[in-house]
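These notes concern the structure reproduced below.
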Amino acid sequence: MSRIIPIAVHTFKESVREKVLYSLVLFAILLMAAGILFGTISVGVNEIVLINLGLTAISVFGLLIAIFIGISLVWKELERRTIYNVLSRPVARWEFIIGKYLGLALTLLVNTAMMTAAFYIVLWWEMGRLGAGDLAPLEAIYFILLELALVVGLALLFSTISTPVLSAIFSFSLYLVGNLLDDLRDFGERSGSAAVGLLARGLALILPDFGAFSAISQAAHGQMIPAYRVLSNSLYALLYVTVLVSAAILIFEERELQ
Amino acid sequence: MSARPPIVVILTVALAGSVLLRGQIHRAALAAELEPVVYVRSGETLRRFSLGYEGLLADFYWTRAVQYFGRERLAGNSRFERLDALLRATVALDPHLLIAYRFGAIFLAEKPPAGAGRPDEALALIRRGIGANPGYWRLWQDLGFIYYWDLRDYRHAALAFEAGSRQPGAGVWMKTLAASVAAQGGELDTSRLLWTEVLREAGNDTIRRGALEHLGAIKAAQDITRINRALDLFCQQRGHPASQLKDLVQAGILAEQPTDPSGVPYVLGLDGKAALGPGSRINLDLAR
Amino acid sequence: MWAVETSALTKDYRAGFWRNRSQRALDRLDLTIEPGEIFGLLGPNGAGKTTTLKLLLRLIFPTSGHATVLGRPVSDLRSHARIGYLPENPSFYDHLTAAEFMQYAGWLAGLDSRTRRLRTGELLDRVGLAASAGLAVRKFSKGMVQRLGIAQALVHDPELLILDEPMSGLDPLGRRQVRDLILELRRQGKTFLFSTHILSDAETLCDRMAILDRGRLRGSGSLREILGAASSATELILENPQPAALDALAHFTTAAVRTGDRVRLEIAAEADLPTVLRTALDADARIVALNPIKLSLEDYFVARLGSRENASGPIADKSSVQAPKAEAARR
């Protein structure tokens, strides 16, 4: 059990060395700062724009990092044969997978924290004050983190089966579809064929529901998210991540290391 | 022999060519009115494909709307055809972007050249805003305003002000206004109440200036009425009309030479009624 | 208790585009390795050596058969704490330094932080990488990588070492050092199982060995047992012998090769030696040398496995002189 920690720490350190990570974070921060200019070309939406832009940047760049690093998490170790260093030790395959997941999750947590700090600095700079009323974005950021946890799980799962390019495509596609589940369900209900309807409605229940986590617009209007929604989303994320990581473990347990 | 010089030349020529061509294409597009304004068929579709980023997209569309409005106004273009579509896209993406409803309604309702002169579209927008934000009293205020000022529908205006006065945080004067409109819709005093309130909470120079202009016109109109009454009184007392406004001052009917809010003294018109002096910046149409 | 025991261990791979054809990489291997011995796994490329080692470490799974390592079935990962593995062409995390990698390896093996640090320093020194401890692995030469590989296999002081081509990439000095290291560690009681296709290494190091060819076990045991009775032959080298002399000796000779003015004769039966010598002397043949033939593993390979890549040097032209026995039989 305790082998998970060295693997997680190692994965974290390795991810943090990725130069792309820094470029993306820097870009996100620049974008937030540019949000200050945004307010001057529009009317009356200064604070709203800053929050929308900042949170969108945190979400989008977090997504990019999660997918970019996630898709080669397992694949790289297999491809470069460094996996032998790990699995020849008393390390179970499931420990390897969970360690990898936690390492990347930690990386994203640190990134998001950095971007959140930058966000609040920009907000404070522009609005001249920072108070209890500015906590709403934190809730949205929490939801973003939950989303990222799911995306990392997806990327990890695909990383055990396919090459990085395919994994990236699948992960992005699932993220897209996961935001359109309501439409999928509507489509199923309105479809003429019973089989298609059943399939569509079934898929809408099984595929990851990313739409449930969107709270950026609410945060921009200073609305706090009701507690029950925070709880249910947290639970959903936990369960779904468990599903994804378990699937990855199942697949990896059968994998022969040529 | 180095390949550098010829390659540099080729690069420069190609860049110049592409820049010129870009300019051409852009001019042709403008001429054909294929302006790069993103046209939207359905706000709902747009919202769906925003993947959770609809807040930012709404801000983007709002900015587009503002810029479009500004650009068209500067160009003296009073049609503002795409304004409604842009505003509808904005609020479809963010139904709680209150400023889009409020300013949008003003842009739509104001008579040209200041606005699009489409009070019915403005009404639809405000109603939509109320539907998504029923507790926000200012939207009711705006609704009442449009009914009052642009449609002269004093009954509905009074109802709107009344409904708004019952919402949380509503200004106390809303009730007064509702009563006033119900009793004397169209009276200058009522209008002044309205515009005073608009001026007070104006968050933007354009609106502030507009409110001041309206208030100035209303004041001027009321002044003129007052001066005309004074003229009548003079005629009754002296048995002949005054030849100039100074007479009224001498006769003690008026305390001093009246000047309009723009600082220009009123004059006696050829028809024997008070009128704005030459060089006055007041536009009396704005009183109505 | 055996250090390693396999019983009918078999591995099939699915080949072909539709994965419908089966390719047998290892066929019912039975093997035992005693604790404290150095055991060699030999064979040409593709014989199944790496497959066997990977099966023992559960990096791949057997199609049928069993194997135990240090008394536990292969599926029990606990034995990994007592096994050190060096894969063929090892690759490590490029971005780490040698010391960082060793620490990570130690951590994974379950060592505490103090032990990790100590062992890292010790082992890097032992394999001659002390000066490169702070160098990124990315910058290592092949020889350095190999040394690091040996160090990481030893970081947790394992009982059993499973090494796939441990000498690969090392210069002669390096190979000598590794050889000495293996011998020294064996003296401490460790068991070694290593695969190689360098036969001289196997000859000098291994107590016992197994020879694989195309997935099948072709022979196992000590060097003596494998080479068998064929090692009792003798070579007789004559200078400028008369044809008459050669004819006289033809009866005893199993092979004859002429090189310049020397002729080398192989005499199969040791018992014939006295007669052969007398015959040669009687014929006034000039005897240059009389040596027992040490049949080398290489010869064994060439003969039994018929693989060209295992022989080095020119192939002796054994057909230049007729097989004398057959000639004699015809007369």
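Order of writing sets the labels: A, B and C. Residues in every chain begin at 1.
By definition in this document, contacts are C-beta pairs under 8 Å (C-beta built on N, C-alpha and C of every residue); 3 or more make two chains touch, one makes a residue touch a chain.
The structure presented is a predicted model; accordingly, all values stated were derived computationally and were not measured.
> Going by the stated contact rule, which chains contact subunit A and subunit B alike?
Expected: no chain.
> Can you figure out the chain closest to the middle, judged by Cα centres?
A
> Can you work out the whole-Å distance between the CA centroids of subunit A and subunit B?
Their C-alpha centroids are separated by 44 Å.
> Find the geometric centre of each of subunit B and subunit C from their Cα atoms only, then give the gap between the two centres in Å, rounded to an integer.
For subunit B versus subunit C, the centre distance works out to 93 Å.
> How many angstrom between the C-alpha centroids of subunit C and subunit A?
So the centroids are 51 Å from each other.
> In their shared complex, at which residues does subunit A touch subunit B?
38, 41-45, 48-49, 51-53, 55-56, 59-60, 175-176, 179-180, 182-183, 210-211, 213-214, 216-217, 220-221
> If you look only at subunit A, which of its residues touch subunit C in the complex?
For this pair, the touching residues of subunit A are 2-3, 6-7, 10, 14, 17, 80-82, 84-92, 256-258.
> Inside the complex, what are the residues of subunit B that reach subunit A?
Within the complex, subunit B contacts subunit A at residues 48-49, 51-56, 58-59, 62-63, 66-67, 94, 96-97, 99, 103, 203-204.
> Touching residues of subunit C toward subunit A in the complex: what are they?
54, 57-61, 77-81, 83, 85, 87, 89-93, 95, 104-105, 107-110, 152
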